[in-house]
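Per-chain residue numbering starts at 1, and chain names A, B, C, D and E are given in the order in which the chains are listed.
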């Protein structure tokens, strides 16, 4: 078995846009375009990018919550995009997802006990009553919630607590891999820190592997071993998180980092302010998708889509005019 | 996609729906409904006459032919003859449309103006006494069955007080006016409650939108907010509600026409129901379904006019 | 209403049902029949002021010559009678009516393509007519030129009928709307639309029927010289004021079609209607002790009470063997309190029916009392026991079908309550008229509450309701089939009016009554209110053409106006 | 110091709810100076937006009302001001930008129309032509490319960042003295946020207005504000000029907030230590504890804080630095960032 | 880690002594607090009680008995007067409540069943299933209500069950449309996605996750259908398609169209009054339910 828990190869997801006479297809959004990456066991891969660039689509495609258009997903050595429903169910025990909005991801009509028991029902785990109860309490303890939470409803909890419940639900099936789709974006800073700590503690304790999606670079950089940057459906740069921050090669990465407001009043290097808007994913610009906003763009950028450049062992980017250190 | 192809597409959808309507009509009246022959032949019918009538009515033809003939009538509006009155149905419809419209059009206009204005007014004073009073009043008025309105109105206003004609109708403008005032007024009373309530809730939905707060922050006056910002946004559900009433306008007001002896389509429909006049019932059903579908399309198209978000590039 | 020209005499009347159209062969529906009779006429008519009903010539010059064997009837028709002016005729001028027009009109009635609702009156009656009908049924176009033996125009003004077998009631059919004369030019011109273009010979014209709720007739300018009768039965002597005057007497007739009785009654009370049959539920307001109530009397309104030629009855479906049990039927009859029903539903104005034939028609024996007519609960219980169902035990629930109207529903509930007294369980099932009809015709019900109104004043028209061969879908909706009765009925039908025939009618009538073949309810009376300014009104079941005799006192009307 | 354009004194805003009356804003004080930016930070529900709406006179009534306190615009009191007079100030002298760029514009009017409306209201002397021209100018000013075309477009045709620029254009078209920006960039991506903040700074310099910037992002505050107020449960718990506050926070809550943000430091090579957190959660406004509202989450809580001394009030820590705390951090203890 | 577990206890303090409330209980307590809604609830409950008691024959079983003269006006003796048979109009009105409640319940349940099933199928499975169901209800809804009623009466013949079925079968379209929309929405909600990620099957997702979350829609719709059915019964009675063999408010009103002209207004009055209160109560209750049950207003 390889050291990689998850391997994504040339994953593409195209959403057809219906319209026109008789609802024909009139266009398509390439929400995820030919993306490949690997995640090691116990590693956290951060994924950043602006709104609509395809982060969620990528995350959900990996779990086949969205059926990918093409590409391969190899999880734990198994190619999952052809798995039968029964196989898929077994695989889902090992892969879980946590969503951005903790309130929306809890069924408001179920108690926390029901919510946490559901995965066990589905996978027929801990069917014995006492064992079930013990497991529920263990889960609550793992996410640092009191035992009396079991009989309560989601609306009785604060945002941070709800996110913990979501985490507990994901943990209920003892997964190896969790896609965290912006799990802290909806939370206040003080609560965000609690959840980030919890996720990191759990990783240490249970040896989890994360794909951590966020648009907050600070959090991503903090939690991840490696960070991937997406722009308009494409992965434009991947590197060790410290390396990415210090030595971004793609102008977009650079701009993204420089745009982060620093909670300090010290002088900072000059900020790169990008011109213009993010283009529509329905008709991305020709060539490098970033070219209209890029200050380094040359003719070639406007014509051909750049291929992957392997910078160092773990650092890759797609750019004709990478920024030198 | 441009507006025209959108309209065309919506219109094309009319076809399967109309075929469906015809199918339902066919199943009900040609397949499962009781044999109409007895009604038509009167008290001295013979077996021979019944068989002949079946032939005459095409009831002995294969089902698909019968279905096709319904479909044909839906597209040509040639509905054949009434069983009960032996009249050509299309002529009956033409004759009945005028009287029906002479009450429904004034009613439609007045009741919508009145209830939209009331709704704007109470939305403006939302939560205040006026709003609560109107709300309770409108619910209360909704809770009385329309038959009670008619019975009472005719007896009290027309007969006891003598303010209006008791019943009757004369064709032609303005001859019909004295006859239509009372039914129109009664139906205004009947529809005012539900309409006002609907419009109020639609308008209130808009009143709490963020853009209203923006308008206030700009210093826009409350009246201007109601009539410019809110009304234009509320226009979308209002339009739907208003336009969807139109096909029913054409069908007339069943009860009113019966009680006020107005020779409209509503009366024709009631009579057809009472005499099991299937061709007329079928025709009325098809007619109103066609109206309903067409006005559905019109609504969709008007959406794109009123709401720029629906405007297609 | 709008102010009407004072010099113009306008009669305002109500039709409580929709008018279906103006084709005489379709006039079986009473209300359409009345409208048709304003425009179309037939060979014979009933004398307006005679009681009992008396046939007199109308378009016929005189009553026909009848051959001894009762088979051949020869008519001379009136000369100079014109069809009303219409575009169908050359120059739009109506032409003279000829004997061949009658032949044509009656063949139209027989033409199966027309699906005439009046065909039954001639079915099997005229020689060769049924054969002609059957033969033409399968032809694409009916051949009206083919001669029929029983129906011939001997010359321009002579018309001859030959019956298949003697049938004295035949003459009544010539006074019915079905046999009114129509012109083939008009039929040809309007085709299916003929029904909306009435062109007859009668006193009033209607240019086009537009399905409106307000039908306006005007005087026919080419109407022949027809005079108000100068003789009358004793009870109608007071209606001779206009004797000898040329008909019609009013210039314009407006018929208001008002299906709901409330507005019609309100309108009459406002003086906007000239006469009006009192709806049952307005009875208490209108009439007390057969006298008009004070409020109405103040307005000068006059009440007319007249017996109707009808009978209400509850009939059994004899397809169901259960009802072959005479004692069961009698028990039910005994349990039913007709007097109370009369009070509830007819304000005590109807005559309890002892048998089927109503008073005023030969065959009704005024002295006869039906021993099985209730209420007699004791006897009913005994009889029920004798029937094999003591206290209703063993008797299944019986479904009682009624047409769905407010009154019928109430009557049904009443019947149910009555039967409960002796332990018979009744379930009421109401259907709208057409479905109710279908149930009768399909023989699918168990019991029905219905009524029969005379088509013509002859006991045969009532007794045939139990004649086996008339079973549903024919008029015998109880499907009663008693060979003994059938035989004697057939015999009676052939007889000319005579004491012997009357005796036979009486016998048959009593037989049906004693057997409790149906539970006979009442013979109703019509209560009509007239405005003080209305002249010459007489209530009648058969005078559909009465409007031409009516007159208005315009001065009186003006005088009374302030009271309204 | 420059001219004081807006003064908020002891502002209390109450809301009536099913469960009783809450004080969403409870005794808030701050001043806005010409050409300067006041930042208001705090967690969700701390009363930031309500304070802003109170200044605009837009507290929804019912259920809310300004229960007491003063809001002075250039010395004139805005509380209880006549509605029509208030309307003349709103959008004209004091303008506001809201958090949700997606829903704050009226979807059925063109953006040109919506800009013109505010000009028409407050500069009635301008002709229709001039108004149109001004709308185009405003769009150009906020950096919308080809503004002549854009004026005819509807909000749904614009991206979120563009819409927020349109909101800014509307707010600035009458050159207000005070601009209230309620989380103007929260809904936007970082790169777009940077554009918008840059734009606001530029325009402030050009127009010299005072800005109230409401946000929960300390980074944004640090970069754009001159003075900062930190709100907690409807009260300002600490206020100071931006440098002082970030370098020497005195209130434990302020420090807690700062510490819970992951630091962005490339020098720390591998996985970092745990983040510092503020444990617990914000108390419900329905049952605030006696004494300090922060007591249950505070690391340096003492008996004082639990009500024996009443509520802590803002006290001078040093010149211009106030904190509402019985046990403030030492001046240099608070060095967090 | 140990320190953390200690602080947790602090975290959920507020709810400790309060019993945990589901959204339903919450909604109920909201309604109970609203005076007008509470009164409406009591009125509705009262009608149901009356209906139950008449159904069991405890009261008004003697409605068919003659208690006085025909058409006696209201008096101390005859509260709402008597009808043509001298039966107590009051008792008929009471008995009519049974009919009304039966019609309301039957209609609403039939409509609920059809509407929910089709709506859920269409919304959940989408694609061709959705298209067929949408086509079906579009077709259905383009036929006027009254025509469908009549048509169904033709097929089914007369009787109380016809009234139930015809009203039920004509009332599901609105609900179906709403359910479809809601199901579509909830299907894409993150909690459904989460269930998906856990490997939940269709049945589980529909019945455990989606349907419980749209019950408020069903309840609100139920109350609307209920009230509309009671009103529709009048029209059906007028058309001669109403209930038979027992009193209903519709037939009472229909009777009164003949009686009114003779001054007998009490049948109309009694039936209208009886109907007025329950329809009014249902309307107010419907509004209150909407406010109380709408999850938009809760939780956040």
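Rule of thumb we're sticking to: a residue touches a chain if its C-beta (ideal position, glycine included) is under 8 Å from a C-beta of that chain, and two chains touch if they have at least 3 such contacts.
If you want to know which protein each chain is, UniProt gives these names: A = Oligopeptide ABC transporter ATP-binding protein; B, E = ABC transporter permease; D = Peptide ABC transporter ATP-binding protein.
From a predicted model like this one, the values you see are computed outputs, not experimental measurements.
Hopping across touching chains, the smallest step count from subunit A to subunit E (ABC transporter permease) is 1. Distance from subunit A peaks, on a Cα-centroid basis, for C. When chain centres are defined as mean Cα coordinates, C lies farthest from subunit D. For the pair subunit A and subunit D, the distance between C-alpha centroids works out to 31 Å.
For the pair subunit A and subunit B (ABC transporter permease), the distance between mean C-alpha positions equals 53 Å. Centre-to-centre spacing of subunit D and subunit E (ABC transporter permease) amounts to 48 Å, using the average Cα coordinate of each chain. Multi-chain contact residues, meaning those touching two or more other chains, occur in subunit C at positions 260, 262, 266, 432, 435. Residue numbers of subunit D whose C-beta contacts span two or more other chains: 279, 281. The set of subunit A residues that touch two or more partner chains comprises 161, 201.
Against subunit B (ABC transporter permease), in their complex, subunit C makes its touches with residues 1-2, 18, 20-21, 23, 26, 28-29, 112, 115, 117, 119-120, 123, 137, 192-193, 195-196, 210-214, 256-260, 262-264, 266-267, 269-270, 272, 432-435, 437-438, 440-442, 473-475.
Within the complex formed with subunit E (ABC transporter permease), the subunit C residues making contact are 260-262, 265-266, 279-285, 343-344, 404-407, 409-410, 413-414, 416-417, 427-432, 435. Contacts from subunit E (ABC transporter permease) toward subunit B (ABC transporter permease) in the complex involve residues 135-136, 138-144, 146-147, 150-152, 154-155, 231, 234-235, 238-240, 253-254, 256-257, 260-261, 268, 272, 275-277, 279-280, 283-284. Residue ranges on subunit E (ABC transporter permease) touching subunit C, taken from their complex, read 64, 70-71, 84-85, 154, 157-159, 239-241, 244-245, 251, 254-255, 257-264. Across the complex, subunit D meets subunit A through its residues 43-44, 145, 159-162, 189-195, 197-198, 216-223, 242-243, 246-247, 256-264, 266, 268-272, 274-279, 281-282, 337.
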